[in-house]
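Structure first, then comments.
All chains are identified by letter, namely A, B and C, in their written order; residue positions are counted from 1 within each chain.
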Amino acid sequence: MNILDYTAVELSAAIKKGEVTVVEATEAVLAQIEQKEAELNCYVTLDKEGALAQANDIQKKIDAGELTGPLAGVPVAIKDNMCTEGMLTTCSSKILGNFIPTYTSEAVINLQKAGAVILGKTNMDEFAMGSTTETSAFGATKNPWNTEHVPGGSSGGSAAAVAADECFYALGSDTGGSIRQPASYCGVVGMKPTYGTVSRYGLIAYGSSLDQIGPLAKDVTDCATILETIASHDFKDSTSVERDTDFTKALVDDVKGMKIGIPRSYFGDGLDADVKEKILAAAKVLEEKGAIVEEFDLDLVEYAIPTYYTIADAEASSNLERFDGVKYGFRAEDCDELHQMYKRSRSQGFGPEVKRRIMLGSFVLSSGYYDAYYLKALKVKALIKKSFDEAFAKYDMILGPCAPTTAPKLGASLSDPMKMYLGDIYTISVNLAGLPGISVPCGVDKNGLPIGLQLIGDCFNEKKLIQAAYSYEQARGKFSLSAKEGK
Amino acid sequence: MANVITDETIDYVGILAKLELSAEEKEQAKKDLVEMLDYIDQLGELDTTGVEPMSHVFPVHNVFREDVVTNGDDRDSILKNAPEEKDGMFLVPNTF
Amino acid sequence: MAKQYETVIGLEVHVELATKTKIFCGCSTAFGGEPNSHTCPVCTGMPGSLPVLNKQVLEYAIAVGLATNCDITRNGKFDRKNYFYPDNPQNYQISQLYLPICRNGYVEIETEEGGKKKIGIHEIHMEEDAGKLIHDEWEDATLVDYNRSGVPLIEIVSEPDMRSADEVIAYLDKLRLLIQYLGASDCKLQEGSMRADVNLSVREVGASEFGTRTEMKNLNSFKAIARAIEGEKARQIDLLESGEKVIQETRRWDDTKETSYAMRSKEDAQDYRYFPDPDLVPIVVSEEMIEKIREKQPEFRSEKMARYKEEFDIPDYDIDIITNTKRMADLFEETVALGAQPKKVSNWLMGETMRLLKEQSMDPEDIRFSPAHLAALIAMVDKKEINSSVAKTVFEKMFSEDIDPVKYVDEKGLKTVNDEGALRKTIEEVVANNPQAVEDYHNGKEKAIGALVGQTMKAMKGKADPAMVNQILKEIL
């Protein structure tokens, strides 16, 4: 069997059985990167030597029985907005182009404890602001299914790397759909957990009240296993919560009696016909397996986007103030006056999309506009949350698409930011309400591009989602780019 | 509601956000801001009378640390990424 | 007739809390230390770092609120105050705007006329201190030290209830005492652990509206505050008299030039875009928490003064001085508890201690000697083991180095010689060597005996009991 065909959990099992070594697995994935990277650009930073050194070390610990976890020895890629000690962490921005953290984000520490081999850092939309990975200061990432298309974003590098076997799994972050949407575009499984499940310590903030780290994986089993590994109650993150994290217990093929609601408004005019067909077909599969599937009206769907952009941009405008050329990162040259240094460093260091959001965010918080915009958005957020509460009083989960279309062509979205924002319609309300959501591949469109089925659960109900997604996956059968290419 | 964003608004927000925009960028920023604000204005259609603004989704409160020193001298790593430093301090253009 | 003006003053007082660690991270708050040696990713605004509230900060803030008769906010939160400056590493300060921890309090001050006046407290909020900026002449640049960044502060915002510099100082002194008694801060103006910004406006006597106010910063002594108030009052009256307007602005007081100047720049929009900090969760203060803190409240000054009057036979004047700082009062009580006579303890504190503090420009907070050592010193004098001039010398040593007085006297051989035979012998020698003085004494010059006592003490290297010397001398003569 080709090493690259293993899922993460399968690989770790094979390593423990002595069928593969950690170094072999690492070398295999590095060779794949070597072959694909020029075309795809999944990584901002690749640490070949470090990965091999880790591989050797981890193999010894596995042999000694010190590392026994289900992910021990498996190479992973980390989105470049999670701090990694001694390894460049750029957020795909010029302003952090030379930033080498002296600490590691909690989620990555949890992976390291579990014996992960860190390969490097994946490309993303600058500061996670974008839906295509084209706003990266280091060039766009291409969709491995069709390199004329975007991989989605902002965790596009992570999703593409998993799809292209440039890693066995990856971490992404999701503020408004940044894990689920690229997972959908790249035909992999992606999950945004309930807010507070994974520590945000070391995650470079975009919208602090919305950001969550989560897995991008080859299948639901990997996804549940990764989430179980990275979830922790962290005292360094005040918003981290104490909760159950035994997600792999939910890997059960059974949806009998599960109540699944399909919001009517999710299937309106904006939705691509192929996407609609495949999503409804997936719903049918679950129904045939014994789930109770019903249409219902979910309120306020159309208000999620303006609410989201007001809150996310306001928080971002403040979160990104620390990038000022004083303590780290890029400083514009030849500035003899403080404010000139601030302005030039930030204007030269940030890309257009980031500046656009900082401007909007600063404006909605400014004197005279706070109540009308920011406070209003926080109130609408409360209403949106209430509307989900009502839905979850009736249903175990909500089913819908991840995105209105499959991956657009490179360059098609950037010219019209508003259109790009509208593409987030199915994912962002989940972040506003702090809910968990998972994206599972459910087919391809007429152009052969993957489509993602999204399942949304109530807070702390990841296990229901995992169980339903796992059950669906069992019925669906294998789905991957390499399977499609017949390798 | 049509929002009017003037050159002054853009200059003012530029001062708040410490961004220096070129003439072309300013024009674009004006256009973008108006478009977004007009879009956001649809929130005004919703009656939010009596609704508590929701900052945090969960009722988590009182997360504290005990008053115990846990950090040692981390000065070298703190200064590691400094664009300019002197005598163990960050150096910036004169503020005095 | 010239117009009569009234000055209206409100204060924003920042107090650094006496916690061991910073407000949002586990870095030490110790004063001094190499630049940036008490820092971590959180208090230097590193990307991805997150704040977690120090519980002690909240408890101190509530304690100060209770001591100043405030309502304690049951559902509080932190907000971000956004502004760019290099001493502020995140370029936002975590503070409280919308729901400060304490509101609607007051303290009572004594006015010059001997009456009492309530000064309202609008609110008390918790926030983080900024780092320090140091001017580098050589580079013509600014150097940034984040050791102070994240040190916990409370800001006590008064109502505009004060009308003179005297009232301002009485109010500040009252706050200082309350907070020192609580142990919530050492409140040293010079070291910046207590800082006051003065909001001042003037209006014609009898006017019902307030005038336009200015805010003055950089006031680091009571004297500077008094001078700044007089200076700003005069400046505003001059403006009004010449038909100009006072501009609402922040001004920096230069105490050496005794003048203030505006701090505004065009890059400083004073629009702080406050919003709730999403990284920190709400604070819910329970009745139980408040009661616990209330139970721990110490005896405050007025209560202490009343009790001293009752318990100790010392003058009111002494009570006033001793209770004026918590440090002195503690020292007094602890020494008395060790068996020393209250009046004698008071004498040491009022006399030598105050003298040395003044001489060395020190604060009572800086006193190093322990109550046990002071009690031991007093006991030695009581037992006539040392005389009072030796005691003073020993005390000076104790004051500077906190030596053990018993050991010190022993090692240096300072004990009074109580051997009457030896003393008599020395005195006989002195008398024999000073015939002039002896003659003067016999001629009625009573004072001449002083010279003979002096000579004797000198010969005894100070280790004699002067009363005994006097007695023996008179016998011999």
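Please note the rule applied: contacts are C-beta pairs under 8 Å (C-beta built on N, C-alpha and C of every residue); 3 or more make two chains touch, one makes a residue touch a chain.
None of the values given here were measured: they were computed from a predicted structure.
**Student:** Using mean Cα positions, find the chain sitting nearest the overall protein centre.
**Tutor:** Located nearest the centre of all protein C-alpha atoms is chain B.
**Student:** Taking contacts as defined above, which has more of them, A-C or B-C?
**Tutor:** B-C
**Student:** How far is the middle of chain A from the middle of chain B, if each middle is the mean of its Cα atoms, in Å?
**Tutor:** Inter-chain centre distance comes to 23 Å.
**Student:** Any idea how many Å lie between the Cα centroids of chain A and chain C?
**Tutor:** That gives a centre separation of 54 Å.
**Student:** Based only on mean CA positions, could you tell me how far chain B sits from chain C in angstrom?
**Tutor:** Centres of chain B and chain C (C-alpha means) sit 38 Å apart.
**Student:** Any chance you could list the residues of chain B touching two or more other chains?
**Tutor:** Expected reply: 12, 16, 18, 55-56, 60, 63, 65, 74, 78, 90, 92-95.
**Student:** Could you list the positions in chain C whose residues touch two or more of the other chains?
**Tutor:** Within chain C, the residues that touch at least two other chains are 41, 44, 46, 52-53, 82, 84, 86, 142, 144, 267, 271, 273, 278, 280-281.
**Student:** Where does chain A touch two or more other chains at once, residue-wise?
**Tutor:** In chain A, residues 99, 102-103, 209, 235, 238-239, 317, 321, 324, 326-328, 338-339, 342, 362, 366 touch at least two other chains, as defined above.
**Student:** Which residues of chain C touch chain B in the complex?
**Tutor:** Spelled out, the residues of chain C in touch with chain B are 19-21, 25-28, 34-41, 44, 46, 52-58, 77, 82, 84-86, 133-136, 139-146, 266-267, 269, 271, 273, 276, 278, 280-284.
**Student:** Could you list, by residue number, the parts of chain B that touch chain C in their complex?
**Tutor:** 12, 15-16, 18, 55-56, 60-71, 73-75, 78-79, 86-96
**Student:** Flag every residue of chain B that touches chain A in the complex, lowest number first.
**Tutor:** Chain B residues touching chain A: 9-10, 12-14, 16-21, 25, 29, 32-33, 35-37, 39-40, 42-44, 46, 48, 51-58, 60, 63, 65, 74, 77-78, 80-84, 90, 92-95.
**Student:** Would you tell me which residues of chain A are touching chain C in their complex?
**Tutor:** That would be residues 82-83, 89, 91, 96, 99, 101-103, 105, 200-205, 207-209, 235-239, 314-315, 317-318, 321-324, 326-328, 338-339, 342, 362, 365-367, 370, 374 of chain A.
**Student:** Over in the complex, which chain A residues touch chain B? Could you list them?
**Tutor:** Within the complex, chain A touches chain B at residues 98-100, 102-103, 195-196, 209, 235, 238-239, 241, 300, 302-303, 305-307, 309-310, 317, 321, 324-331, 335-344, 346-347, 350, 352, 355-356, 358-360, 362-364, 366, 373, 375-383, 385, 417-418, 433-434, 459.
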